[in-house]
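First the structure, in the form of structure tokens, and then the observations on it.
The chains carry the letters A, B, C and D, assigned in the order they are written, with residues numbered from 1 in each.
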Amino acid sequence: MAELTFLAALQLALREELARDPRVFLMGEDVQCGVFGVTNGLVDEFGPARIRNTPIAEAAMTGVGLGAAIAGARPIVEIEFSTMTYIAMDMIVNQAAKTRYMTAGQATAPMVIRTAICMGFNAGPQHADTPHALFAHSAGLHVAVPGSPRSARGLLKTAIRSDDPVVFFEHLSLGATKEEVPEEEELIPFGQALVRRPGDDVTVVAFGGALPPVLEAAERLAAEGVSIEIIDPQTIVPFDWDAVFASVRRTGRLVAVDDALPTCSMASEICATVAGECFESLKAAPVKVTRPDVPIPFSVPLEQHVLLSADKVVAAVARATGRSALATV
Amino acid sequence: MLETYRKMVLINQFEQAMIRLFQDGRVPGFTHSCQGQEAVPVGVCTALQSTDRIGATHRGHGHILAKGANPRPMMAEILGKVDGYCRGMSGELHIVDSAVGVVGANGIVGAGIPIIAGAALADLLEGNGRVSVTFFGDGATSEGTFAETMNIAANWKLPMIFVCENNHYAEYSAAKDTVAGEIWRRSEAYGIPGVLVDGQVVGDVYEAAATAVERARSGAGPTLIEASTYRWHGHVYGEDALIGTYRYREAAEVKQMRAERDPIKLHREVCLGAGIGADELDGIDKAVRAEVDDAVEFALASPLPAPEQALEYLFA
Amino acid sequence: MAELTFLAALQLALREELARDPRVFLMGEDVQCGVFGVTNGLVDEFGPARIRNTPIAEAAMTGVGLGAAIAGARPIVEIEFSTMTYIAMDMIVNQAAKTRYMTAGQATAPMVIRTAICMGFNAGPQHADTPHALFAHSAGLHVAVPGSPRSARGLLKTAIRSDDPVVFFEHLSLGATKEEVPEEEELIPFGQALVRRPGDDVTVVAFGGALPPVLEAAERLAAEGVSIEIIDPQTIVPFDWDAVFASVRRTGRLVAVDDALPTCSMASEICATVAGECFESLKAAPVKVTRPDVPIPFSVPLEQHVLLSADKVVAAVARATGRSALATV
Amino acid sequence: MLETYRKMVLINQFEQAMIRLFQDGRVPGFTHSCQGQEAVPVGVCTALQSTDRIGATHRGHGHILAKGANPRPMMAEILGKVDGYCRGMSGELHIVDSAVGVVGANGIVGAGIPIIAGAALADLLEGNGRVSVTFFGDGATSEGTFAETMNIAANWKLPMIFVCENNHYAEYSAAKDTVAGEIWRRSEAYGIPGVLVDGQVVGDVYEAAATAVERARSGAGPTLIEASTYRWHGHVYGEDALIGTYRYREAAEVKQMRAERDPIKLHREVCLGAGIGADELDGIDKAVRAEVDDAVEFALASPLPAPEQALEYLFA
């Protein structure tokens, strides 16, 4: 076991997989430099052919990744910021996601699209979206949103070995978080939730960048005698519904937390599905916690106002245990 | 030369049969005929090896047949049958035969261009000597993917060829109204050689492609070929049902092109001029007709897929 | 009153607004031709400068529309098929949607993005998506999904006059549907639901292309003595929650129908929000009806298998009145 | 000539002040300095009228100041204050002053290009004679929007100018590794004239811009200007904190450029050569310093926006 940061854990996964399989290569803008501290130094080990700087052309570069995947390589395409996946949207949801389906399995698209979520750094409205719901909505993609260093390393390795396209979100707000990561190889299967904290009173589902405020809220709630169970699905497609249902059937209460926009969010999906499947077990209305329905503004008090916080999670848990109205806090 | 002739006739006959089936109401959806353009895919694919790769467009039957696909599963796919190349999942827009090097067939204009570049990159990384060809229309040159991919391919000296089938129309718009300047000159500024060929003359297309293949295979990088061509039929077959009385080209223009610039007729003359007997060519026509008839029979006899198949194949 | 088809009603709205306001213009691939029967002939009335054929370049053309809107024009950008909005995704969700927010109101983006949904025509997997959830998720856009000729005309006129960007979905499956459309001008406000059919037993929320199977199901259910209330929100952003809540509080049962993919769909959003707000009123689990989680396949039996149908709606209503498990039928 | 000098000094002084504030920890997020590139926006905007329009990039302080924006609300925006142009909603990447013709300032590389073309289209439709300028970097030429927009602008003869600020680096990559060929030649194939100018010489930039403005205003259509320039600072100020020991350009290169190719120094020489006294220029420097000091004071004194303002301005 070594204690690694989230960013170092991601780099470890890349290094291990690049070393293991010569078909794996990494491409993206300035990956040789490693803007966020994930890919830096890899070019010295694996050379510029496999750690490939690209022009600024997200659509074509994702298409190039897809074509390389179809032709037998294992590309990892880095799209610098999550908002730039929009430029490559056709390539992701209308091309890569449908390759296997449309060819009835003749062709597959074993590629990973890694992208950074940059909230809480005053990067302004055009650099800070959390578009994971867009990819979860579009059939044919796996969507991973690791919430800790060990998850990051184990999920990224699984993503690279997957024969299906994976969209992989890296929350920069978790960048310096530390966790013990096993020395030996660890592949974390997709669709397998982690109980980040066991509890009895309320099931709280949260993933990725939403975990730190939820974990903080759990401490504060515990001090007040409320015990929440934190379930981290790790991947939102596939989703470990069984884990969530089992917990809700025990606690009878659900808070779904998603640090994204509210409408058609994963928080909505979780509330809807639990309301459908665990209706009889629910003692109170499911509560959804998301950001308010605006982009991420720049200035410090503005950005802080819209970001998730332990306060908002505490309030939601209070509502789930008390009165039964859903609101995006 | 005879094989070139055979392939062009095959594409033409195949599509004639498809259109008859369409008129009989047996083809679901739309059909994009490439009749009139047969010389371009055939000229290009004749310069390729079987392990080389291509990417087809929405007007892709010619591309796929020229690369060596089997008319039987092709026709079955067009009819949405279970013995189709894609088991009826995709239809005529997206026929893929991975075994003969078809990387993809794209319904999204311009999207195939970077995908083929990616195949070329994988081959370059593997060092297997393969060459990839991306076909696209005049209309596709307006999409950013075309320019983006030229820049990438030039930077990385990808072993690929950009083949623009300029049939002078994109749907119901003339290229002269929507495509500025000359297409073959677009690559120059990226340091990629660009050539313009008569796309109705299969020999000319072949020559240009052979030079480009040689260049790509030797590691010198990509080439852009603009082949000037023409489509006999509408954007989709029977387009009048969609566009009513709107006219985007003159009937006389179509008539003249068909009379004077039919690539198959032109190539037949060349063959005859080279001393090949008319009998021999007629024999090819006949053999192709039998092959196509067989494909039609096969496709008609093939069952429709089970409805539940719709839920398969999404993930590995 | 004149009886118009859905397509003719759309054309009427365009003609009226083009005639009313010289700043309004239409641009898109082959709009002078009018591929689907909406814009054909308009060029004869308004000339090629205002009915503007464009090159095939959805990203830039949407950007051009946005710039024109900022500069004071009222562009209507037609994106031929809904899947081609992916190519313009950055321009829609990261540019147009954020223009007003980012400039603190200095600039606005009064533009309409019209796009056709082409399901049920064997157009194959790359032409037939229903991506409305993607735009509903992204803050800053209005999203209209008319379900009948009168709605189409009245909503499109409102969209064109809106000072905010509107994504406007035109279901080709409704193309030939007929309805009486008032001769006089009618602007249908956004965020105002229509009760398409009153009823007492189950609230069924449905919009756009989902309405025909739902209306058919209503007839069949009525014959069996089950009375459903069909609520058509007309616009999904803004959404008329009050209308839905009021109905559910009366019926105690909800079926949310969305002819889209299941995960993070509007059907999920509706189930989640109703479960949150009307928990005490619900007599049974909310039921979600969507397409299965795959693209639209080509062949007739395959496409029919995944499309919505009256059968599927009937089964969902049965579930809502009987047992309490949610499932995507 | 003096006004040109003043604007360049203003941009430079403004950014020096911004960097001091950044070092003091008063600037949230990142700052993209355009020091070294002052001659390009100033040369271009000097050729424009106040009603003409521009679109700025992520490295946009120079664009906006050159077009006539007020340093006070600019600096306030950079600090995220309520008196900022965008009331703190956007920050330094996206400063907009609609009143002086700034259509937008884009954080997404290449995205501003078609948006400015749209403004040009609106003006063309209105027949108001305005001209629009889109600024973008060398890196942005790799985005499809650049090519797409050239095609559109050429077809429609839009009254616009494409100004590429080629500072030879995009983030931490050299243009020679990612941008194939020569940028100014990219427009030729669309029938758009392309010119290369020394972006460190404000007079040269002005001349090229004036010719292009004249052309655009007369209805003859767009021009592409590539201005070769250089940035003194990192991609973002203090980039070493992000990229550690990685080096994408030589310190010696930066040093030499600063010594020999400083556009303000070069222009000062020109002014002196034209007989303008050093005193007069020093007076401008001093006045600008006072103006910038005032802007800093204003910005520091301005309050932060109320947190709830985050929920405003989304819809009209």
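The definition used in the following text is that contacts are C-beta pairs under 8 Å (C-beta built on N, C-alpha and C of every residue); 3 or more make two chains touch, one makes a residue touch a chain.
What you see is a predicted model; the values in this text were computed from it and never measured.
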| item | value |
| --- | --- |
| Length of the shortest touching-chain route, chain A through to chain D | 1 |
| Whole-Å gap between the CA centroids of chain B and chain C | 36 |
| Rounded Å distance between chain A and chain B, as computed from the means of their C-alpha atoms | 40 |
| Centre distance in Å when chain B and chain D are each reduced to the mean of their C-alpha atoms | 45 |
| Where chain D touches two or more other chains, by residue | 86, 89-90, 94, 106, 108, 142-145, 148, 151, 155, 177-179, 314 |
| Sequence positions of chain A contacting 2 or more other chains | 54-55, 57, 59-60, 83-84, 87, 90, 94, 101-102, 124-126, 139-140, 293-295, 297 |
| Chain contact graph, described as a line, ring, star, complete graph or other shape | complete |
| Contact footprint of chain D on chain B as seen in their complex | 141-148, 150-152, 154-155, 177-183, 185-186, 188-192 |
| Chain D - residues contacting chain A, complex | 28-30, 80-81, 84, 86, 88-91, 93-94, 106-110, 139-140, 142-144, 170-173, 177-179, 242-244, 246, 248, 304-311, 314 |
| Chain D partner contacts - residues on chain C that touch it in the complex | 25, 49-50, 54-55, 57, 59-73, 75, 90-91, 94-95, 99-108, 110, 139-140, 142, 162-164 |
| Residues of chain C touching chain B in the complex | 29-30, 32-37, 40, 53-57, 59-60, 83-84, 87, 121-127, 292-295, 297-306 |
| Of chain B, residues touching chain A in the complex | 53, 55, 85-87, 89-90, 94, 96-98, 103-104, 106, 108, 111, 113-123, 125-126, 144-145, 148-149, 151-152, 155, 312-316 |
